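Structures given as structure tokens follow.
Common to both upcoming complexes is subunit A, partnered first by subunit B, then by subunit C.
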Partner chain A sequence: MTTTSRPHGAPDDASPGSLRERARRAIEEQPSPTVTVLSSLLAAQDELGYLPYEAVDEVSLRTGSSVNEVWAVASFYPNFRFTPPARHSVEICWGPTCHVLGAQPILQGLVSHLGLDGEGDTEDGSISFKYNTCLGVCPHAPAMSFDHELAGRMSLDEAVSRVERIRAADVEQSA
Partner chain B sequence: MADEITITIDGREVTTEPGKMVVQAANDAGIYIPYLCYHPGMKPYGACRMCVVEIEGQRGTPASCTLPVRDGMVVNTQGGDAVQVRNTTLDLLLSEHPHGCLTCHRIDLCGPQDICLRHVDVVDRCVTCPKNERCELKDTTRFHTQELVSPLTYQYRNLQVETKDPFYDRDYNLCIVCARCTRACDELRGDVAIGMTERAGQVLVGTVMGDSLLESGCEFCGACIDVCPVGALTETAYKWERPARVEQSVCAECPVGCTMTYEVNHWERVVRAVPELNAPANMGQACFKGKFGFDYVNDKRRIRKPLVRRDGELQEASWEEAIAAAAEGLAPHRGSAFALMASPRNTNEELYAAQKFTRVVMGSNSVDVASNDRPGIVEGLQDVFGYFAGTMTVWELADSAAVMVVSANLTEEQNVVGVPVKRAVRAGTQQLIVVDSREVELTRYASLWLRPYPGTDPVLLGGILRCIVDNGLADMEFVNERAEGWDELVACLAPFTLDAVAAETGVPASSIEQAARLYATSGPAALLFGGDSSIGGTRRTLSRIVAALAVATGNVGKPGAGVMPLYQGANTQGALDVGVWPPALPGHNLTQESPEVREALSALWGVPVPLEHGGGNRHMFDHAREGRIKAMLMLGDHVHYEDGTLGDVLGGLDALDFLVATSAFPSEITERANVVFPSEVWAEKTGTYTNVERRVQPLLKVAKNKRVDSRSDLDVLCAVAQAMGAQGFAWDGPPQVLDEIAQAVPEYAGISWERLLRERLDIVTTPSDEPQPTQVMYTGNVLTGLQWPCAPEGASGDGQLFVDRFRHGKARLQPVAWHSRPEQDARFPLMLAHGRVLIEPGRKPNVTVVGKRNRVEREERLVLNPADAAAAKLSEGDAASVTTADGTERRGVVALSDAVPAGVVSLTTLFGELAVEVDSSDRPDPMNHIARLNAVPVRIEPVQCSGGT
Partner chain C sequence: MTEAYEALAKRAAARWDALHARPWVRVGTGLMGEAVGALEVLAALREAVGKAGVEATISEVGTTGLCYAEPIVDVHVPDGPRVRYGNVRPEQVETIVQRHVVGGEPVTDLALASVDSNVAGVPRFEQLPMMQGQVRVALRNAGEIDPTDIDQYVARGGFSGLDKALTSLTTEQTLDEIKNSGLRGRGGAAFPTGVKWGFLAGNPAPRKYILCNCEEGDPGAFNDKTILESDPFTLIEGCIIAGYATGASNGIVFIRHGHDSPIDRTRAAIQACYDNGVLGDSVLGTEFSFDMEVSLVGESYVAGEETALMEAIEGKRSMPRFRPPFPAAYGVWGRPSNINNIKTLSYAPEIVRRGAEWFSGIGTEKSTGTAIACLSGDIRYPGLVEVPFGLTVRDVIEGMGGGEPNGRALKFLQTGGPLGGVLPAEQFDMVLDFDEMVAAGAMFGSGGLIVCNEDRSVVDLTRTLVAFDQMESCGKCFPCRLGMSHILEILERIAAGKGRSGDMELMERVGVNMRGGSLCGHGQLGYNPVASAVRFFGSEFEAQFDDGAPSLGTFVGPKSTRRGAQMSGDTPTASVKPDFVMHIEPAAPAGGAE
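Let's turn to the complex of A and B:
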């Protein structure tokens, strides 16, 4: 059973800029000629950063599937998330090369530094921490990405300081 | 391709058909191959790997449920490799399934009712599994004599048991992810209210985001429960009860007449209903009413003894006293001062006796059945075709290329009729046209949805007919050969021009044309109609046009084509057949127009059949108030008297001199009666019901409520008749009555009780000590009933009526009138079209927990045509309320839409709300008290904001 919680009875807002409207537009404007449940889910997540109920519902409307069918597809892939992401993303590569060259200690160090049990969002909502199977920069292993910017030859210290910089900037922004 | 091929299974030669899967071929031949995810009737899936076998000349161990048979195939079900694969599969399944029930050392010591001595963990105990002793996983493990090397080392998933939804309990800790339930919901029912979620080790059955079934589109049909092999899905009611025996009978909730297997426990209580897998009327399907609505048999509140009014008070009496009192009280009221109202749950035999009692003993024609409040929808069919009946069978609808459903709420009223339609639409083989001012479940599946102004269906169908004629789409060869009155009919269609019809109904002309094309040109087309939104006299016109449409397009008497009237009541068809209707005699003959039939019946009954008009249904109560009817006999469950469709029932009863009622429960009717007989309910009766496809099905006694000293209405009628000195009521039980029906009703000729018990499908199943799905275990000798007019014994009956000729040779097409919209009361200028759907895409309801139960909560939308909104000074988003003439008020938020015709307020609520209401009702039989969704006049007003609460 999924543990995703969703605020029940969120207002059914279809006004421009609402989640439902943004999802609808993203699904309609898919460039690919073949529109499937999966492609529509990807388009919605690209737009919104996650898949709220409204997005699942819109995909079901566009593809003629039941919401439960769409959910069956969406819940199958760990790459889909159903809660809003944190404000910043930090990914660590745990592909073979990075693993051999020391990704594990960095990964574990960061997990405990961020106060997490593994992948996930920090409590303050500033950072989404994710494992990545390959960031595609093996020559620079161990690699990480900070807000989608790649960084190579990482060490734990370097990673922690980068993370702290992001957090500091985040605090400044929020203030 | 050969029609028959031979394969060898375990050294035995088996003849089977190409296309069958090996597992089914083996099971059909009585050779058992274990399986857990396979279920007959569903597509091969191949998930559980329990049915693996070895095939000579083929590598590996293929799953026999996905392996089609091949001529000359040699199958070995007991090969070492296959057995080992199965054992490993079982090991893996048990590694996540609580299985104390298999390993506890007291398994053979405990009796079935013993209290658990707590030798194992709570979640592990056999007594904490509702499917204990009928679990396919447990049986399969025992069948395999699995060595449980590491007992109780399994991973308990610790998921919350879902018990907040109506009717169902879901405990996914017991789920083995065979996907039978999701496939049943998808393939069999077309709902997809549940699906597989997550993946790999976490895969489970669930709804979108773990929502309640109330908002996921569930229709609570119970199909998933019926196929679940373990205790994951169970009925909440009688969850822990075990069957002492099972009995086959027919459901008494609606005219589909689903054959059900009822489980009865040691205390003679009916505890479970399982739809019969191979029954021709329902093919293993049921609905929320049939699956969960049987509990009233067992109810404690039933009337236990006959009651007689003495000194103004109802007092208990003996049967003899009560019968004498009834006979004495009725005797002075012979003639037109007497009326009898039967119940739709009465059997054919009771109904026949009721009309015979009324006509022979009392000399009155005022006899009707309470559910027959819309006789118009069959009158028109009799006018044209000759019978008060539909022409087709339910499951033929799966082969129809087009289906038009006119003002009928199938999902709630004749649920299983909708199943083949939904399946065919989802398979892409059928075009569905829905004509309904309400939004109902089927509109979601419709290729075309026409929303006429309520009550204008006859005009709309007339427009469609004219459009078919004008565009040359009519099948003139069929019309010329099989029908008369065509030219007169076409002449009547003069006012039904496209523009006039569009203006009258509010349906765009283009949609009318499209509907005409779809219906006339798609192929075999069926027309289902309920007349829900029509008003009184216009229903006869509606059914005449329906019949004319079918004749005009040649859609009668062909497979997949025909018309089906959708009335309420389990045995309304039987009532029409045996003459429980004032103007008609047994055998679909009008009393006043068929002197020869009247004579024949007078001879059969030995008393002249009265000729004068009788009052039917609501007229009865009007006549009672006017003093023209002084005594009444009311049979069975009194359920149609509350919703106003029969007029002022209680007022009428108050005016009577003498009232006799038979009833299972005390009601406002029994309170007014002079004599009350405790009556048997459907599960206690023997007799026959006739369903909407004219199938006469035997009703067998399932159980008897031991608290109650009840008798069938047949016994009561016969006893009272005999006490009044009448002849011809000395039947020796329902079979003898059925014999007399076969004499009086020509269509029933050839039907006898003995033959009904002989007409069965002998389903070969593997021996019952082998683990099987409940539905498979219960099937075997399926009583199929007989469709009238019935073929001689041995010949296969034809579901289609009128293949070669209509009852009177040619169809007698009838002139049709244009019925304008009725004048609206100026105080209630709009019509409220209240619909109900399973799920409303694009909107999310709120589900809150009240007490321990889920409830739907949401702000309803009152959808208006912009013109009406402007007139009422309302705009999008305003809070408003609609009020009916009787003061009922509903609130909602205004939404504007051009799709709603002017003059209509559309309100669509969720089925989940109804499910909760029914589930939480404390009425003995809530299923029978579900209000119909009829269009009613309303006024709409803005709701003033009180400025914060």
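Let's turn to the complex of A and C:
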């Protein structure tokens, strides 16, 4: 049996500020002259934080590829996600240098501190926790990034306190 | 000399003088600085300079390579000494501004080193342990210039190599310079660059590509990104020279998405080149035209492989292609292409400017020029060093790197990236040389040297490397896709002290099949880290088979390969699939109910 759950029926929202409109603009405003499925997906995710159906559909329209061809690319690269991310991002490097200098205790400590069982989003929607194979700052291992800002020479205590600072600011903002 | 270059050089010289006529403060931002608080230092600096009301230039530069001393603030004052301050904290900035920028007197107790000047009680920059013995060619401008300011690059001799090639060398002569210099590829394979360029030059197609590879997924290697964020112009000039020598019309710089500082700075530098007639129609006013752009790729280690890279530039999954046809015949979008590592291309400007003989005079007979080594791990001075080939590993690790920082003995190096191997401390007298290292079973690779002391377990590190390789297998060839998972599974068992008899032989057998049955180096070399670790530290593996062998601790990595089916029969979990994708459900077994 073959089923497809591609949304049909009601025309989706194309007003300014809608997901579709934002994706369309991001795809059109790419800085490099060469536009491909991959470059468009990266641009759309940079804008939206994830790839909703509207973004994939826009990429397919702009590049003349089918939705399934676009999905083939999107599903290959681990940096794409298909559900809205949490409000903040925390990444940890588990590459060899970071591993040698103690990334595992930090990683495992944070997983349990955040109440997760690995990579993923916290239940309160405040933090998306992600593993990274190399953040590119090996001299400053163990390395992490908090809301895309790099932080080196990490310890578990420091990591937990940064996470808590982010959460406190998050609570304040939403209050 | 072209008129265009003459005008550019004249303007640049005037700018350079103007920069030095008032205080000039350079802060190493970029990835290396950002990770240890350079942005906070920069903000404090802007505030302090504004408050002091002094007319000073503040520039963001790349890294000097002395990452242990980041954040580094470099203060020049007219008619005074130039000093670099290391490990600067925001609260120290005010003192530096008040006493050095305003008062003209260096703060000696915060100083790391003096540059081009002598200050009592402060070492000169080139006398620092990490700088002694370095020969800087590709990194000549790192930490010295604003990576987005074309005038600063030109003022330090930039684009004179290109100008020389365009005005006084034919394309063949330019190619010969590269051939005669003995330059070999710095991405890992060490193939002679001139010969490679010759393949492309020999193809008469009208549109050809030079691809500059900064995928740099090797954990432990960060030299390509550092070149781009410290001095992207040198890569651009090298790429244009490659285009001229081979008759190519387009250059593409290929960088992993997410490393914002190298991406933004390279884009800004390319734009500056277009604005100043260095790129685009008629380069420097000559009949040669060349275009360049940046292409981004998602997270994929295999994208660094040359044919997978072309797939990614075309916007597809980064999976390797069959070869032949080779890239010089059929490359990106089916057009002839040449792929070089960032480091390789960054040598070209100086080779053309100073001549092939100058370059081949550095290093050893078969490995000419310099090696750019990335030091990390258990080492006193982590960072980046550019050294002539011919030095020993010990010179680099114990001399420049300062050895182990905590009084422990050094045990081994991990080199050559996640598909490389280990080099035990007994072999640190090995000479840096492509061929000698390969003959001895080591690999220089792209230059990442991860230093490990006696407390580190080889079995544990090997497990991490294999976990990386397993996750990064693109999934195209099943011996690699399944084999890496299988080897990881066995290693997990061994690390837990639950190895079964025959496990070592089984891993080897899987490795042999991967070598024979995989299209690209990822699968072919996938068993390398295990083979190398077993060769030098076999007893550590054996000890894991003893009764009551300890577990080396759990290793938590990514849950799935995300690249298709795994060994255990898992399929990617439904939750990662968005609901708009077509799901094909297996047909119900004939005969109905179970």
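Here, the second predicted complex is superposed on the first by the 164 of 175 C-alpha atoms of A that agree within 3 Å, B and C clash if a C-alpha of one lies under 4 Å from a C-alpha of the other, contacts with A are read in each partner's own complex, and residues count from 1 in each chain.
One rule holds for everything that comes next: contacts are C-beta pairs under 8 Å (C-beta built on N, C-alpha and C of every residue); 3 or more make two chains touch, one makes a residue touch a chain.
This structure is a prediction, so every number in the text was calculated from the model and none was measured.
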Which of subunit B and subunit C A:Ser39 touches, first, second, both or neither: second
First, second, both or neither for A:Leu156, with subunit B first and subunit C second: neither
Partner, of subunit C and subunit B, that touches more residues belonging to subunit A: C
Partner chain(s) touched by A:Leu116 [first = subunit B, second = subunit C, both, neither]: neither
First (subunit B), second (subunit C), both or neither touched by A:Ser60: first
Contacts of A:Leu48 with subunit B and subunit C, given as first, second, both or neither: neither
First, second, both or neither for A:Ala169, with subunit B first and subunit C second: neither
Residues of subunit A contacting subunit B in one complex and subunit C in the other: 1-4, 6, 53, 56, 67-68, 71-72, 75-77, 82
Touching residues on subunit A, where the partner in the complex is subunit C: 1-7, 31-34, 36-42, 51, 53, 56, 63, 67-68, 71-73, 75-80, 82-83, 93-101, 104, 107-108, 111, 118-119, 131, 133-141, 143, 148-153
Residue numbers on subunit A that touch subunit B, as the complex places them: 1-4, 6, 8-10, 12, 14, 20, 53-54, 56-57, 60-61, 65-72, 75-77, 82
Residues of subunit C touching subunit A in the complex: 31-32, 34-36, 39, 67-68, 70, 216-222, 225, 252, 257-260, 267, 293-301, 312-318, 374-378, 382-384, 414, 418, 448, 450, 452, 456, 460-461, 464-465, 468, 471-472, 474, 553-559, 562-563, 576-585, 587
Complex contact set, residues of subunit B against subunit A: 159-160, 172, 186, 191-199, 204, 206-210, 216-217, 839, 841-848, 857-858
